[in-house]
Amino acid sequence: MKIQVINPNTSALMTAKIEQAAQAIARPGTHIVASCPEDGPVSIEGHFDEAIATVGLLNEIRKGMQQGYDAHVIACFGDPGLLAARELATGPVIGIAEAAFHMASLISTRFAVVTTLIRTRIIAEHLLERYGMANLCTSVRCIDEPVLALEDTNPQLIERIAEEGRKAAREGAGAIVLGCGGMADLRSPLTEAIGLPVVEGVTAAVKLAEALLELRLSTSKVGDLAYPVAKPFKGQFAHWGAT
Amino acid sequence: MKIQVINPNTSALMTAKIEQAAQAIARPGTHIVASCPEDGPVSIEGHFDEAIATVGLLNEIRKGMQQGYDAHVIACFGDPGLLAARELATGPVIGIAEAAFHMASLISTRFAVVTTLIRTRIIAEHLLERYGMANLCTSVRCIDEPVLALEDTNPQLIERIAEEGRKAAREGAGAIVLGCGGMADLRSPLTEAIGLPVVEGVTAAVKLAEALLELRLSTSKVGDLAYPVAKPFKGQFAHWGAT
Amino acid sequence: MKIQVINPNTSALMTAKIEQAAQAIARPGTHIVASCPEDGPVSIEGHFDEAIATVGLLNEIRKGMQQGYDAHVIACFGDPGLLAARELATGPVIGIAEAAFHMASLISTRFAVVTTLIRTRIIAEHLLERYGMANLCTSVRCIDEPVLALEDTNPQLIERIAEEGRKAAREGAGAIVLGCGGMADLRSPLTEAIGLPVVEGVTAAVKLAEALLELRLSTSKVGDLAYPVAKPFKGQFAHWGAT
Amino acid sequence: MKIQVINPNTSALMTAKIEQAAQAIARPGTHIVASCPEDGPVSIEGHFDEAIATVGLLNEIRKGMQQGYDAHVIACFGDPGLLAARELATGPVIGIAEAAFHMASLISTRFAVVTTLIRTRIIAEHLLERYGMANLCTSVRCIDEPVLALEDTNPQLIERIAEEGRKAAREGAGAIVLGCGGMADLRSPLTEAIGLPVVEGVTAAVKLAEALLELRLSTSKVGDLAYPVAKPFKGQFAHWGAT
Amino acid sequence: MKIQVINPNTSALMTAKIEQAAQAIARPGTHIVASCPEDGPVSIEGHFDEAIATVGLLNEIRKGMQQGYDAHVIACFGDPGLLAARELATGPVIGIAEAAFHMASLISTRFAVVTTLIRTRIIAEHLLERYGMANLCTSVRCIDEPVLALEDTNPQLIERIAEEGRKAAREGAGAIVLGCGGMADLRSPLTEAIGLPVVEGVTAAVKLAEALLELRLSTSKVGDLAYPVAKPFKGQFAHWGAT
Amino acid sequence: MKIQVINPNTSALMTAKIEQAAQAIARPGTHIVASCPEDGPVSIEGHFDEAIATVGLLNEIRKGMQQGYDAHVIACFGDPGLLAARELATGPVIGIAEAAFHMASLISTRFAVVTTLIRTRIIAEHLLERYGMANLCTSVRCIDEPVLALEDTNPQLIERIAEEGRKAAREGAGAIVLGCGGMADLRSPLTEAIGLPVVEGVTAAVKLAEALLELRLSTSKVGDLAYPVAKPFKGQFAHWGAT
């Protein structure tokens, strides 16, 4: 079983951290490689970054398919390009935000999200609405730090995330979702520091990908997730076109 | 890793079928035992059956905890007693309806459910609303057969389920959810007969239980899923009380 | 007209209090008897307590049917076993939470709920969502006291409930719903102390039961509330089975 | 206990029919008088008719208050002027559509509505959405006849309503709501002809008004239902102004 | 292109202010006249005021149609009589609340509303729910001043509105909707004072009316917005009846 | 006033058709130029096509900003890249699907959509849910033809669209939304052929852009639509990075 974990930003440090977290959680038979696009933004902190990063993500998906990966994880909390990737891929594709939300809903009736920036917070709220889970979430909180501040995690930053988690607990949250791919290594320290179950998306998505593969379930190719209609593409995207 | 799969009705035939399906999907390191209550209805086909069966289910959960099971699956499509079981249990508890809905939402944007009776159909609609997934479901369909008709699956019955699945496909569903624990052995033939991915709850729940255990995520004990408040119970339920 | 009011917990003191409140509000022609199960928890403070109490409740319903009661009230604010009881019963069955919510929605466009425990608060939020009334409720508040603290109501407790009610008024609530069967005797003092209309569920449910009976409306036996399908039950529940 | 039943259209025949149905259902101690405005449309079949009829309705409410009525029923299925009437009135005000929906939700988990015109059907759908009950309704059906066709009910008309009710039953409805004040006399024949519980709004509203009065619950005067702010009114509405 | 802007209250000062704001925003080819009813309340501050004002509004609409106006704007933030006016009118009819909400949703993903009274605040919340935009609104805030305080705008009042707007900005709103027709002249000063885009309904509605007219789109006369059914009206409303 | 209309696919024929429709509806003072990206798919018929086309769209937006355009229209019915474009742009950005939905909601209470492919139909359903307008739409219908079939519109195709529109009318729709940028020239013939108001997105979006510009309302730069955070971009997207 080969799972491709794609960090849609181009930060090698963050990709390494994500790979480590993904490999640590994978079961023995699972082969995991993390990669990031050659083209795109160094971090994803808004709709625009997501839009550009999606092209690199789709390139990685295609490469992954050619290299025989069975499933794909999108390791950015906004789940950028999720439905496009599902259209393209034969195997299952999992976003880390949806993965974390699903898992959190299985262990609590109310959870909170802690993310990086204010604008990321609003994007997380959009996602919860789109996924029909807004009423499961007590609040989305943020530490108001850029994503790349998480490249080198330091104790102060962990404490600030923990503090937001504890505030959420006082508001009635029963579990905490970490709202950034760059927090993939913080599950253990934060679980202890907050005192609630902490759900992290990269690890959650790897387990869901393994689960789907073992169930032999793959993306439905009937409906809007059918393979892209073959057609010409122009210019720098000509390589996506039908010959 | 030990997972307890509880068939909340008292049919030994159905329990055996469910155990077989669960064991077939489990990974090598997972030890699975299916059981059913000694007390309760032989099949679950409505709110009343669910209510009585829940007591037997909770007894099984308690036994399972004493026997060192790490997680519990409720193998009845109405997810009876789900929140009560989560309160009681230390480990994760997964219902097969929610498991199937979550998995279906990862591989399609629109799915349909095929269940047994008309009244079961309405209960499935209630569940979809409660889980915030009603708008992902194109329709809930039924074959109008009692649950125990599935004890001995025959080709005619499979064909009738398949026919409902194909009707759902024509309406725009991209995946089919099998809406009864007694259909646990029908994944393969129906996938072929319908031509869409077929999600079955027992197998889906086993994989989610494994996933949560590997993530070291367990039911939040903060909020409404905290352990039951210790207190006296009277009469035939005195054994549930605090000493 | 005979109405059975069932306190699903086994506290005789609370049952007496509920009976008194129900009889005080009943019209002359209405004969009301309150009862509680012989088997089950002494108070209901979570999903688990509700699940076990439901069996006792259903036994009481069956007894009530044999004794010729025309309608049944479930006097616990979580409305435990409501749909199961409706399946079983010929006459109407009313839960006190739904009764209070319906009545509150007829006299205000925004109401608040004051209940006992934090976990009860979350359960009340679940109910509001399930009944499609979440957007009518400004907040669910709790005094963080166990249910049985209400067996002997004292002025301090009343004052704490009133204080939460006044906070709700400042937030914009136009009416207060009392979120516990044990508050059945507090309508008058709290109405005065809060300065808003106070809706109490036991009394509301009795009036709705009378109303349905006079309208000759009873539970629909078409759909998921049809009588339970006759079938064998095993073990301690064998008496529920078809002969 | 004095309840004023207001038919907001000016048809004396329909007012008489409504009064008869209301009086027939009222309990011995309840004094019921039905009236209709002197000014306004002879039938209410759209938003415009509702808007004009609301003024006459509010005049009737004011007269009723002066005459010492304790509660008011708005006997038109669109619930015209409901919140305005609640602002004006001291006692409770009940609309027949909301009354019927509430009662139907207590005896079934899915109901259907049968009304007169296509445009009335859409208005009923709006109401269900506004009241948070859209997902309880399987469909709103109409017989495509003007409201005044119901002044003199004939067997053919009853049969056409029954036919729509039976269609709704086949679609999964467990109860039928009659969607016009002019159907107030059709409860009994239609219950028999359809084979499902039939909820009629005038009778339902009378019982809810009695219930609220006995509970000593009246419209909250805190929030948007507080008495109208005293102020000058000009021209033909000067009589509404503060002196 | 002739657009009729109707201030549904009878305040000449406010009508003048609204006319000025509407004319200032209109394009060269647009002829705008504002009017107010001769009959009705001097300000609209609740459901009752809205109900009475609606009759005057509909009279103005009819006059406007006779005078050849192409479109109509209802310049009161509660959008009173909107659907009734659409039934009556041939041309498009726009409410200023819906106009402001639509425009705000095109330039932000989260907006707040600042209105006058507490009861108006609740009415604005009702509107947001009815229009499906409740989740776009971070909060509805009010300055707790009567509508007519806005007849003569003074710096202190502007500052209080601005202060509520700045509070909303700190809560995460990206734009501010002014929730009263009497604020039609405050767009510029408030935009500067708050530091967010400020959407005002009268101006927004004028632009939407122009847009619909240029698109040759008018109210659909199929469905519940078809012309009122011709019928007799009695008494003071006899002039609305069919001859 | 300069408005840039961007056809996100690379079909010059369709771009010309869209430009013609946009210019025909623009007011005298509005300067409109339509363009399409040099890079990307020749038609947009799914999530993947949308994702790739978004990059070309954002390039066009940037060019348009440099050329002094005041507002931008995204002329593809899926509103691809809408929030990313809003982040990037200073002026307002309007998608043609949202534009059409908003306009349709102003002239009807129920509308239907007619689009090209089955997968486009599902995407339109997603959009309606995301925009909170799902309950305004009676159905989304499709003619099951590829987008480029609309490059050269022929009478047969128009008739098939009209037929779906008439079916929607029989189901209760009061207006029809054309669900493809390639239908920009079909407003007039279809209005006549269907007998309902027909809302077309390109023309609707141009009018909304003019309206916003005249209101001096532009995208809020507070919240998730603030300008993209300046940061390095790698590889083929390096030109998007901060220097």
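To keep things simple, chains are lettered A, B, C, D, E and F as they appear, and every chain counts its residues starting from 1.
Keep this in mind: contacts are C-beta pairs under 8 Å (C-beta built on N, C-alpha and C of every residue); 3 or more make two chains touch, one makes a residue touch a chain.
Here the structure is a predicted model, which is why all the values come from computation and not from measurement.
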Count of contact steps on the shortest path from chain A to chain E: 1
Contacts common to chain C and chain D (chain labels): B, E
Chain C-chain E separation of Cα centroids, rounded to whole Å: 44
Centroid distance [mean C-alpha coordinates] between chain D and chain A, Å: 52
Chain centre separation in whole Å, for chain F relative to chain A (CA means): 29
Of all residues in chain F, the ones touching two or more other chains: 83, 86, 109-110, 118, 122, 126, 129, 135, 172, 223-225
Chains touching one another, given as label pairs in label order: A-B, A-C, A-E, A-F, B-C, B-D, B-F, C-D, C-E, D-E, D-F, E-F
List of chain F residues in touch with chain B within their complex: 118, 121-122, 126, 129, 134
Chain B to chain C touching residues, read off their complex: 10, 37-43, 45-52, 54-56, 58, 81, 83-84, 86-88, 118-119, 122-123, 126, 129-130, 146, 223-226, 228-229, 231-237, 240-241
Chain E residues touching chain A - in the complex, by the definition given at the top: 109-110, 135, 172
Chain B residues touching chain A - in the complex, by the definition given at the top: 25, 27, 83, 86, 92, 94, 98, 102-103, 105-110, 131-133, 135-136, 169, 172-175, 195-197, 199, 203-204, 207-208, 210-212, 214-215, 217-220, 222-225
